């Protein structure tokens, strides 16, 4: 994925390669050179499709990772409910994004939302022209990105949200909330297919950013577009929902409600780590050497964040805390998502290291000061560290980063992007969740919450036969 | 994979590309054009290998998905047994298919089974010629397909089948039952490597279908070849085995025997969903834009089926039922397996939506009316929805489908294919399982079933130390 | 990966292809031929990157497999601890290998360790030249290999090792122990990037092996380099640590300490099986038909080993033992890792079959005779079967194997390699673990071991709320 | 008042409940337990090491009854649990000094039912 | 000496512990149990088959006390467990014949506290 | 007849069983329990919130014996369970009114062994 300028590179590269081939220059036979270029373009296109699809599949698998993390870090009595939410938000989201969301995000845009390409209507599904088939691949890749943003919320709202309200939310985020912001930052990724339009954050000529003399917003793989948007929605949801029964004592002090299955949580973390190799490197949508580059920055940031999150928890709590460490891994991955393509490996280490510390303090802050009950730390991981990673582009980008002598312009743009994401997503979330609260209701009854949503919402239990103490 | 006509496309395409390259036509220098075509063919071949192998690995991973779904949806006391069955059917199946099955399925055929290519004997394993190496890749891809068919049965026969009998079954399906039907529908996929022979369902010139004026059978990735065959074998097995103790009350009414670990079941569903991106798009065995296309139809069908299965269960049972929803996802995936390459995305939505409703009613029908005890719904998911998906080709195929003005011919062929799969697989299953029943025995003793197969067959427990109520 | 001679093939092949193209030979126009070759090389390079990265991601996912196997085969009360160890050894290892390890392993070497390339310092991260970008991809691939070696140890030392000591170990193996041996056998894989240097086991001209008239050491994907090194370190660790409390009765007889979650263990086995399709076929680092070949040998060996391990356990213990069968799968995979590229499929079946028997006897030998407590069988699987697989190259290699008329020379080299790996890794392990024992301490207190490391080291429990008997 | 404690085979629980319901005993408490009695255990083995298991899974029932309900309770348990095979279980009867319903504070006989 | 057995709602456990602590009763044993009482069960369903669940999750407490502590113990339990809704639970009191502290061999009243 | 209830450290279970076997007491029932006694608890923490754990894992044994077996039973438990450290556990002895073997209907002393 990446920023607007990025997307044209592959094609440019191919053309360049032709022009520069020694043979083409030495001799005046454009025919062969063109044939070679055409063949190479075709092959590169096929390789790009292959890579982008494989990456999409890895990202799709992140749904399993989210499901396992969220289930593992909440209580056994709400397991089925959270699993169903994860399965269904991907299902509803896939359909909603195909029908509406893709058009809003990638259709020809007025700068604020797209208005064509619904149901991929303008693509000829039977076309034989290879290059015209790109939207198929692009759609599957974008669908799994949308689903990632959508599924973040379920963790923060776990253990108390009505199932039916969650379904409504998940349709609306996939159809509207995510695509609108996405169109601001990534509309141009659709290249010629939407007639070359661009969102306002992509800094098109004559746009707001350009008129302020600012460069385009950089969010290569979606620290803000995907993760922060999901994170701020999660914050809005958790806020309006209120804390789980028993989360805060009468004195207002937070109480521990431990997750029930850390084997699954750790598995989920590893699955997410794997999926991120589709998320970040896959966002090049190009099969070339850069895959390895982005894989390295991604991996180093995650590793550094795991280390610093563990050490931070060790210092504060006197023991290396697993749930914080797992959050640390994800924090590093979220943070490197925007800058993965534009920073050096050492920069990636730094960005990850900061994210690992940040996520611990953010969890504590939200838990103790804001008193918002976020059972899995989704707001801290995705919202806060997504914002950090996006801002980090302004600091660490090899080209334009403050620390590399690039001045403040990029940082300013990044700041504008981060703030506009917060305003849009948090605002839309507040409106949506309030509307749900006063119509179909957002929260299950107290009795149902105490007994568990699995029995209340689904009439079953996740661990039939197991003896489980449910004293909280 | 796909039908006979399909397979020749890549090579044809390459040849076409050569002929049509502007340079080759404009000038009379065949040398350069040929060199370009050769280079392109080589590169395309390498990309095809890469894609087909990656797809094969994804499909292989479905073994884990099946193991988790089957374990999660049965009782804790039989967990080790079902895990062992899943590990061992893949192991025995891999060897049996290599030694015997591949030859029967893809060797030179008389229309009903192949008779060459055992142990891949006719392939020179040390050849340097790249194209001659294709059978290696083809074998690994076909092995994991065979293993998918084989493993379906373990779910339907769970919690009561003797381990040793299951092993015998799994060798025989991989070596004979699956390959024979496979040779009818897919023998031609092996292209020149078996001398261009074809199975009778592939509609070769002068064959049965052609003489009836019917087109070739379409089953792109195996709704029938893989899933229905597995599903009907599962039906035969579950039928002959009889229900689990306690499954039906004295009044003949079914009783609930809840699965014990829905975290693992949901994980299995996600793994299978992921694996299906190898199963369906991988069956193109070609790295080009169509991967994205097939990925979209596959994903939309699964999503639609999840939604309709959930809604159906909600309407009937008053609550959204997780186990039915999970079955719904798989039903949609099975149904789209045959038509994934030949229908539009909207067609895929429709096919999936029907599958989601169908699977719920099928489970209830088999449970309540047929009174066949299928703990995980394997017959409904793979047998019934496999048949539906195959027939759906006759309705929704953009080229030849009834709803697209293609008349009844394709539907007739599809019907013939579906029925012949049922006769072959169900028939072979009945014979095989009866033979096992009256020789080494098919079912464990009552005492062993009550205590659990883990202790009886393997002398261990899956969850050592956990307190688990085993009142049923 | 593979041996030294192997690595040059891709480039050679491309050059060959150019020279041999009919057109280039027929006509005297080097220009077009060169342009085609350049385009093809570029495309092949991109495909190689794509494949190598995808393979690296699969191998990375093996971390999840190891975590699940190790957790599942130990007790519930130590689950969090083993999960943390798996997450953190990958995290520390990724950073340590980037900073130090890679340079030692792949920098310009004196034959015994490399001394350049730390922090990938000599790579220009902003270079546009595609081929110069290879180190990025190579680094991510090598990082996950290093992490595999590192993580093996945690299983053998499970349930009693101090967390902080484990962290120290994991930095040192990734930064020094693994890279040093790796440099002996694989330094040349870095090709021109380290100036063409080579480790002494790669048999460079004028080196020790050459002077003895012996061929280069063959370890295609690391039976010895990765697995045996990890296995012998595990042996050293388990030896110095001593057995878990209660593992041996007063009479010295081993007692059973059953693993607590075989669903996760089986899942781990499947994940590892999947990951091995990155490990072995990925070691070609080349996208061509050989991926399929190596996938087949890998799969057949694993399947054969599963079968023979199960049968062996059945014969000895009267029941097919799941934990031994799972070990069998891994034993087959480890054994085929060295010879996967150089033996026939039937050879692979034989190598796997032997490994399956070997691993059972090895587990019993280590448990009963050596009385070293290795909870998950890591020493037998990785150490012993790694050695077997490496020696098997000397027997089964189509080119140079004893059974194929190749004489004893290759076997002699393999033996030298296996022994030197043992001396280095076991020796380094003994020194390291003794040093840890007498400084920060290697083992937790008895009270902590009894209560479980989760509470002692991390202050939490993995299965909050579950009723678990902890009578041992 | 008496407190009846019964150890039964887990799979007989439903039958026992049924038999008690028929005798109008509808209040009871159940836990799972491991029991060691006349019934022989069995052997498991793990990684080649034999494990003798003689603590078998049982269900423990606790039923507080007024004295006139004691006989029906015992009869009901026997009816539901008895298969005639070793391992069927045992019933223990204790004197119950007092019984209090938390919700209402009722005591003795009034609280029990 | 008395042995007090109480069945309470799981989520009241902490409140009961609190109330007992306040009364200086700090020693107790807890197990989880399933209980069937006046409280109605609920329906689950699995794959279309209805399941009536009338064994609800409860916590079982066992507290051995000297006679003079019996009343505070009962009061404490009631204070912590009572919500006024059906399902609050019951308390059973048995005579305790003897009590021994394993560590010291102390018996009776000395061992209990 | 007496009903002996003992709370012991989980890891002492095998030793206690052994000691009882030596005294020819081979029938017993075991459940797992959480106990709160003189033994100090420990602290866990989850996501920065401290959790005081004072319900520690214990094993609860229930052994019905004829009066002449009471002493050996108590001795056996003490022999197997005693380490001298706080947390070793307690033994409670109740009068057992009646005992019935479900399989045969035998009662009292005959049923117990």
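Just so it is clear, A, B, C, D, E and F label the chains in written order, and each chain counts residues from 1 on its own.
Basically, a contact is a pair of C-beta atoms (placed from the backbone, for glycine too) under 8 Å apart; a residue touches a chain by one contact, two chains touch by 3 or more.
Please read these numbers as outputs of a predicted model, since none were measured by experiment.
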Spelling it out: a chain qualifies if it touches chain C and also touches chain D; which chains qualify?
B, F
For chain C and chain F, which third chains touch each of them?
A, D
Copies chain F and chain E - interface residue numbers shared by over half, same or different:
different
From the mean C-alpha coordinate of chain A to that of chain C, what's the distance rounded to whole Å?
33
Counting in whole Å, what is the centre-to-centre distance of chain A and chain D, each centre being its mean C-alpha position?
54
Can you give the whole-Å distance between the Cα centres of chain D and chain F?
18
Residues within chain E bordering two or more other chains:
31-32, 44-46, 94-95
Specify, in ascending order, the residues of chain A that touch 2 or more different other chains.
29, 32, 36, 39, 43, 47, 50, 54, 258-259, 261, 267, 317, 319, 321, 323, 459-461, 466-471
According to the definition of touch, which chains form touching pairs?
A-B, A-C, A-E, A-F, B-C, B-D, B-E, C-D, C-F, D-E, D-F, E-F
Chain A-facing residues of chain B, complex
17, 21-24, 26-27, 29, 32-33, 36-37, 39-40, 43-44, 47, 50-51, 54, 58, 75-76, 258-263, 266-267, 269-271, 273-274, 277-278, 281, 287-293, 295-296, 299-300, 302-304, 306-307, 310, 317-323, 325-326, 329, 344-346, 349, 398, 466-471
Going by the contact rule at the top, pick out the chain D residues touching chain B in the complex.
10-11, 13-14, 32, 42-46, 57, 59
Note which residues of chain D are touching chain F in the complex, please.
2, 5-8, 31-38, 55, 58, 60, 74, 77-78, 81-95
Which part of chain A faces chain B closely enough to touch in the complex?
29, 31-32, 34-36, 38-39, 42-43, 45-47, 49-50, 52-54, 56-57, 60-61, 63-64, 67-68, 71-72, 79-80, 83-84, 86-88, 90-95, 98, 119-120, 125-126, 130-131, 133-134, 136-140, 143, 163, 261, 264, 267, 457-467
For chain B, which residues count as touching chain D in their complex?
450, 455, 459-461, 467-472
